[in-house]
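The structure that follows is given in the form of structure tokens.
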Amino acid sequence: MTPWNRQQMAARVAQDIPEGWYVNLGIGMPTTVADHVPLDREVVFHSENGVLGMGPKPADADRDPWLINAGKQHVTLRKGGAFVHHADSFAMIRGGHLDLCVLGAFEVAENGDIANWATSENDTAPAVGGAMDLAAGAKRLWVVMDHTTKDGRPKLVEKCGYPLTALAAVKRVYTNYGVFDVTERGFLVVDLIAGMSIAELQAKTGAKLHLPA
Amino acid sequence: MTPWNRQQMAARVAQDIPEGWYVNLGIGMPTTVADHVPLDREVVFHSENGVLGMGPKPADADRDPWLINAGKQHVTLRKGGAFVHHADSFAMIRGGHLDLCVLGAFEVAENGDIANWATSENDTAPAVGGAMDLAAGAKRLWVVMDHTTKDGRPKLVEKCGYPLTALAAVKRVYTNYGVFDVTERGFLVVDLIAGMSIAELQAKTGAKLHLPA
Amino acid sequence: MINKIVPTMADAVAGAKDGMTVLLGGFGSVGQPNALVQGLIDMDVRDLTVVANNAGGGHVGLALLMELGRVRKIICSFPRSSTSTVFEELYRAGKIELEIVPQGTMAERMRAAGAGVGAFYTPTGVGTKMAEGKEERSFNGRRMILETALRGDIALVEAWQADRWGNLTFRSAGRNFNPVMAMAADLTIVQTQHIVELGELNPEHIVTAGIFVDRVVHVPYGDPAL
Amino acid sequence: MINKIVPTMADAVAGAKDGMTVLLGGFGSVGQPNALVQGLIDMDVRDLTVVANNAGGGHVGLALLMELGRVRKIICSFPRSSTSTVFEELYRAGKIELEIVPQGTMAERMRAAGAGVGAFYTPTGVGTKMAEGKEERSFNGRRMILETALRGDIALVEAWQADRWGNLTFRSAGRNFNPVMAMAADLTIVQTQHIVELGELNPEHIVTAGIFVDRVVHVPYGDPAL
């Protein structure tokens, strides 16, 4: 039993994104999802800082100093891309125009609550960025994250302990052990790494796992 | 004693508009004010339909079918002009960015209330257009109108009888008899046509006229 | 490959249904998606609510749609014009409902719908008939009324250029309500004068990004009447 | 002749006063009006409230302004970065006040100020710490919180091109908050890479119209650091 590595997790998310979707990828692991969407499958990537239609990361020598994404990394713009200002960019997010947002998270609850911006009520200089806008605004919110913390605590939980980013927003979670839909019953196992039993997985999960009927 | 004609009224308004102001001129007589601002005094004229920096009316042969103002007349665009969409155009109006709006009116009250969009509570298909936005939004609202109705009833009044456009919005009124500031005391006579006495003017006015101290 | 360009008018207006709210771009004679309105007429959809700045003129576009009895209600800022006889007759006969909205409030209510704002406070209309039945409240000492987002089932938009991703430019005063309405409907349908290759539009000059557009149909009708 | 172009930085920032709220454009290294911030530093204004997406980095621009003790409070969405040590030390020492606002709410609050909206309802932040003390209400079954307009005394903006009327274009991702902030302040000051003749900017391509701009100063600093 080998958990998916970060590349495999990103590829697994990418596999589920159809052509034609408008997609915002959060900072960190979610950003790498774009690398696994083939260029001939046209997916339009959006960045909070007013870039719509991002293309692959440029070679170091080809970087455009004026073209960065929300993670402050240099990016490229595809044919068909457009620049907008921040209010218009967030109108795209908050107005429900994004088909999908993929974020990382500290915790996801079985009702879809997400906590991903602060690890305590008294965090030093908490930083929310666009996470709350994205979580509340996109048509679908998927989370990609490790199944547990480094010290083994589950990140899929009955109720989030960390400060919330949005209520009942997450539709699907991708972890290093599998894929889980957030349903009315709670977490539904959609996919699972080879060789892992439900019992093993349940032991690493803080909420009840359900199986497809 | 000769009342100002419409050209003279428009010219009198134009005289008070300094270079550099952003100005919206309402449909009808207010529109003609622009003809009396010399081109070398740069005043930036705005139209609700997203045209900023209108220039003089074109010759018939030079009309651009795509370039109209809010009164649906063909206009020109000056160097430095810009096109925006309706939400941005009204952000200019409602956000307090216009230095001046000049409107016509049915009535102006001594507290600055203006009625200019409907002549009865049950008007057939009343039409408000951008009047309420302009009256509430511009930094200054001036009114240019005849001093009385065709049948001699005063249009400067203690209290408007027609449905209101905005409360306490008018700062100054230009009529065929003179110019009146709306002050805390009420209408203050700022200018008067030659040969007219205050007593004569008061007889044509529905609210008390005040004189400069 | 994303391709929002559809070959026929029937493809463009497919899915329009009785009872829908239709946002209709254009101001005066400029930027009017009349071909799309004709498409709706040909589909025979009825009982429509139409949001448009004016109530149509002559016997084309919106005026024709009304004349054929397909419009239950019109939401607009300025129904009167020298050629708005169709509307005026229907209105006097009590055959069409009218909701007058200040022009800026109308634009802002649609922008709100497009930007995920449920409602907002504005000074426009305070103390007037437009404030009747609306909540009032002061911010920084300024009286304001609460206006709610205005969303369409369908937006009909006229553009100057469009590419297959649905990126749009407009021409001159033809911009008007078109980009605002494009944001504010579940289904945004565009008639465009010119189809351009993807990449031909400068990313700095695109006015409406394709994210707001569902379908594009090529209608190179030329200039509006002078 | 309208001429908003001023010859010196001192002219550009004239009128800045202690205690003012300053809207500061830029996102990451791009579109940062650092020369104007330096102008504020040279004026020795203090007790400022700064609205900016980030809390500065390194020891230039906003970071330097904070390091010199001129900033009482910062309103931002994302104060953390690999180089935000100045802010973090001040914050830990209790020497600077922090108000965290979701990035989209921050943009929308300034857009509201610029568009004459007193307050608006948004779903962003419902049920989170951001909703504490805020009114909540549902529209179309969606829970929303009330957010108020966020206005500045001064906006500092970086543009790519400007003409003497103050019409602006931006470059690529340098657009970001700059056009939004330009609308939302009593005094909008622009540093521009290029000055162009009036009429050189295509009226269809102007991003911020001169109506939102008070002063322009020429700062051709070149590209942001890679």
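The first chain written gets the first letter, and so on, giving A, B, C and D; residue counts start at 1 in each chain.
By our rule, contacts are C-beta pairs under 8 Å (C-beta built on N, C-alpha and C of every residue); 3 or more make two chains touch, one makes a residue touch a chain.
On a predicted model such as this, the values are computed, not experimentally measured, just so you know.
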**Fill in**
Touching both subunit A and subunit C we find D
**Request:** Using the touch rule from the top, work out which pair, B-C or B-D, shares more C-beta pairs.
**Result:** B-C
**Asked** Distance from the CA centroid of subunit B to that of subunit C, rounded to the nearest Å?
**Response** 29
**Request:** Could you tell me the distance, in whole angstrom, between the mean C-alpha positions of subunit B and subunit D?
**Result:** 35
**Message:** Averaging over Cα atoms per chain, report the distance between subunit C and subunit D in Å.
**Reply:** 33
**Asked** Can you give the whole-Å distance between the Cα centres of subunit A and subunit B?
**Response** 54
**Item:** Touching two or more other chains - residue numbers and ranges from subunit C
**Value:** 108, 111, 115-117, 122-124, 170-172, 204, 207
**Contacts with two or more other chains, residues of subunit A listed in rising order** = 77, 83-84, 87, 90, 93-94, 137
**Prompt:** Are the chains arranged, by touching, as a line, ring, star, complete graph, or other?
**Reply:** other
**Complete:** Contacting chain pairs, sorted by label, are A-C, A-D, B-C, B-D, C-D
**Request:** Enumerate the contact residues on subunit D facing subunit C in the complex.
**Result:** 108, 112, 115-124, 137, 139-140, 142, 144, 148-149, 169-172, 202, 204-205, 207
**Fill in**
Given the complex, residues on subunit B that touch subunit C span 47-51, 63-70, 72, 74, 77, 83-87, 89-90, 93-94, 113, 118, 121, 124-133, 136-137, 163-167
**Message:** Quick check: in the complex, which residue numbers of subunit D touch subunit B?
**Reply:** 1-2, 111, 113-117, 163-165, 167, 183, 198-199, 201, 203-204, 206, 209-212
**Fill in**
Counting only contacts in the complex, subunit A reaches subunit C at residues 19-20, 22, 40, 42, 44, 46, 52-53, 77, 79-84, 87, 90-98, 137
**Parts of subunit C lying in touch with subunit B, wherever the complex brings them together** = 27-30, 53, 55, 77-81, 87-88, 91-92, 98, 100-105, 107-108, 110-111, 122-130, 143, 170-180, 207, 223-226
